[in-house]
Amino acid sequence: MIFLGFGFLLTFVRRFGFSGVGFNLLIAAFGIQWAVILDGVLFHFKEGSIMINIPSVLIGAMSTVPALISAGALLGKVNPVQLVWMTLVEVTLFTVNRWIISDLLMIEKHTSLMFVHIFGTYFGLAIAWFFYHPLLGKNMEKERSQPMSDMLSMLGSLFLWMFWPTFNSVLVPGASKRRNAVYNTYYALAVSAVTAFSFSICTNARGKLNMVHVRNAVLAGGVAVGFSAYLIYSAWIAMTIGFLAGMISTLGFTYIQTCLNSAIQIHDTCGVHATFGLPGLLGGVSYILLISIGDWDNITRLGYQALIGVVCLCITLVMSLGGGLLTGFFLTCKLWNAPKHWKYFDDQAYWEFPHLANKL
Amino acid sequence: MIFLGFGFLLTFVRRFGFSGVGFNLLIAAFGIQWAVILDGVLFHFKEGSIMINIPSVLIGAMSTVPALISAGALLGKVNPVQLVWMTLVEVTLFTVNRWIISDLLMIEKHTSLMFVHIFGTYFGLAIAWFFYHPLLGKNMEKERSQPMSDMLSMLGSLFLWMFWPTFNSVLVPGASKRRNAVYNTYYALAVSAVTAFSFSICTNARGKLNMVHVRNAVLAGGVAVGFSAYLIYSAWIAMTIGFLAGMISTLGFTYIQTCLNSAIQIHDTCGVHATFGLPGLLGGVSYILLISIGDWDNITRLGYQALIGVVCLCITLVMSLGGGLLTGFFLTCKLWNAPKHWKYFDDQAYWEFPHLANKL
Amino acid sequence: MIFLGFGFLLTFVRRFGFSGVGFNLLIAAFGIQWAVILDGVLFHFKEGSIMINIPSVLIGAMSTVPALISAGALLGKVNPVQLVWMTLVEVTLFTVNRWIISDLLMIEKHTSLMFVHIFGTYFGLAIAWFFYHPLLGKNMEKERSQPMSDMLSMLGSLFLWMFWPTFNSVLVPGASKRRNAVYNTYYALAVSAVTAFSFSICTNARGKLNMVHVRNAVLAGGVAVGFSAYLIYSAWIAMTIGFLAGMISTLGFTYIQTCLNSAIQIHDTCGVHATFGLPGLLGGVSYILLISIGDWDNITRLGYQALIGVVCLCITLVMSLGGGLLTGFFLTCKLWNAPKHWKYFDDQAYWEFPHLANKL
């Protein structure tokens, strides 16, 4: 029944209507197939045939997550053909990245999958740099959400919230570690949700809540605790990570996003940097700290473990940013017939609207 | 935890608002009770008492699916009392059909349940023939969907997508066959989704996507692979079935549906023929091919297996069409106070709207 | 995978937009943490440290349900700070109540958790008495629902419907009793749904359905059968309870709610009294009858069992009403800056609306 975890892939970004939910389904369906084949080739290649089993379907589903996160950063600015190409390149690079981390650097398999958040975010941001247009601010009117679509989006968030413990635990070997991962994730998520509410009020001039903060920051705890959920043995550590994640996510939305938009000229539609990027980095750092502390008495192993952790993080960042820049360059080719900036965030460019037919 | 499968029964048709979701719940709740009792009488009758156990609840839930599919074809054209009568007759006939197939023709129990799609569709279409009205086209304005209700409907589709592997595998005996069924269903669903997107673009004059195609055709793969999911041992067969299903479903929507409407005078509200009917037939045919190929060296058994398969398919078609015609005739009686054609697709005929009260 | 049960906590009340869903998430996240800590202190305190395990997370989640129910009665009339304080007090009192019932009166643990519905309802109603305002009727315009938000709310109901059997069975020890609880809950829910439809038509002057009745009364069966689901061995008893629950819930909405509003001056926003309160009481009474009948031949034990049951019910009622009155008094302090009655049911008091920014 673990396959319910698939659900979260699909309810992810539904703020911009048809395109959001439709293209997402397309990316997920396409990405899973490609990831299963790739995983078979790289990890299970034996005597000319590929073995596909249940874990490989699960790993395939998880390898599609970076593509969905990147799509969140690009939403409304690219067409479906570009998204499919992006998925193809991104899933390939992520699987190679995972192979380097788990087969060469000997990091556990389930941990290597937790780099999805970091990889997806920076890959997406690097591509978004190519699709920036100074008039993106003028499109804000189309980009704005309606109360009802915000509600649907919140629903998607709650689904993710619900399935996060499954996501963080499903590949952890050993029942006791898996249980540990499940409830540490719950504590982190719960604390992160409460923190998101508090900081959302604090950062607003009139003391009001912002739905965007709440919707995204509630997930930050799950992202941040992903790496280390299985090895935390005291609830307060999970809660601290959840608190920090909720905090940097909300602050990231308020301060860093504006700065990204104007200074570095990256327009991040869904704010994936604050939702997945920053908490992912926090999770990586906390993971390095936690595995280092486990070898406190052995200074050589401590240094070695910490070094491996830092190297993994750097490889992931370099591969995602580098891959993203190359893909972004590739996707700006005229060949793809990318939507012009005045067509950004417009469902009607891609979808037939029968209910508009009689109004025209 | 298998009972989550129930969920998919309820999120099925939500395009036409309150009636869609409300009457669906009514049919599901009523149908399950009736199906459980019938199943007990026909299959588990021992010494005057009926044994009810967990599988019987599952089978009951599945036997309600044809009634939900038929309701999809009739949606907006009949009143709840007529739907309840239809459920009563349809569940009874389907259970009898299942009894013939599994007890007389010795088809495995879980396979006999996969005829739900074919049975539900043709039963529903036969009834829809009686409720056709030449002015149904004029009602198109009411029948049209809004973006937001399309989104809700898409949400329902994604649920079905998620639960389909459970639906196809839950009654398959043996853990390895069940796992097989789960991932073959996934492959078929994923390929079907990608195919639906491609063909939706290809069949549209301006190269745009159509939400109705996407929403329904993504499920076609799961319907088609239902019969044979447990016995396919190579992923590419499941993928081929998924591709064919996605194709005929999208083409069915574009070409056959219009033809049904004008030529044969059947108005199929939700397009169940393209979503469940055609892929179901494809699934039946592919099942017959696959079990026949399994006995390739023994020509007698091959012929026998193929014959049994064809007979099952024919019995199902005859019973569903015949039952549907009788039920349709029965439901057009004046006794039921059926809605007039100008009241078709109108929630206000059945529901109290408190939010309209102060506008009037 | 049992943790999916969490889902139902969050999709509960979504009729009044952002505040409904947002504050609900806040209460759930905050309440679970508090309940886990409390449960650890009261039931698992050993040698200065608290043991937290999977059941304690489950129990924590269930102990948050009364706070969510009470929030349903108060929705739109209090601010988030008041809700957090209410959660704090209510979860504490409910855990104490549970401790009295299970440790002092020796009621089984899983049964003691089924008092959540009664406790939550009467606690909430007692608080609502303090927040009554004669002009609440005038706010009806804001309080009215839109068709689309009604649909979302129905979606929440269907989720609860789906997860109810899990909720009623998850803590029952012993696989056969648990299975028993699952399917008795299904029968009760199915009968309750059909009954809700019938009575909704019967109580309406023009024979129309009312979405509010359907949405809430379909759940009544699950609430009522909660106490005794594990010990019912004939389906017809579960069905009778479901029928009675659906009936009193629908009648409660139509007749008792209006009376509550005008005569006793309690305004119950979501109608929790009819959804959870009355069916909960019915469940309590039926539980007492059923355990008494089990000891039919031993008149002393019969009396003792019945007495214990009645005492439990009374303690719960006294603690919830008493606690609610105290909390209500405490929450009307000026300190909390409660919203004025003309701001009741207004999302804009708490949420930043970016999509309104350019309209002003």
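For reference, chains read A, B and C in written order, and residue numbers begin at 1 within each chain.
Assume a residue touches a chain if its C-beta (ideal position, glycine included) is under 8 Å from a C-beta of that chain, and two chains touch if they have at least 3 such contacts.
Treat the numbers as computed from the prediction; the structure is a model and nothing was measured.
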Please state whether the interface between chain A and chain C is built from the same residues or different ones, using more than half shared residue numbers as the mark of same.
different
On C-alpha atoms only, rotate chain A onto chain B and read off the angle in steps of 5 degrees.
120
From the mean C-alpha coordinate of chain A to that of chain C, what's the distance rounded to whole Å?
35
Do you know which chain A residues sit against two or more other chains?
1, 4, 148, 152, 155
Complex interface listing, chain A residues touching chain B:
1, 3-4, 6-7, 10-11, 14, 17-18, 21-22, 25-26, 29-30, 32-33, 52, 54, 57, 80, 148-149, 152, 155, 347, 350-355, 358
Residue numbers of chain C touching chain B in their complex, please.
1-2, 4, 140-141, 144-148, 150-152, 154-155, 158-159, 161-162, 165-166, 179, 182-183, 186-187, 189-191, 193-194, 197, 204, 206, 208-212, 214, 218, 235, 239
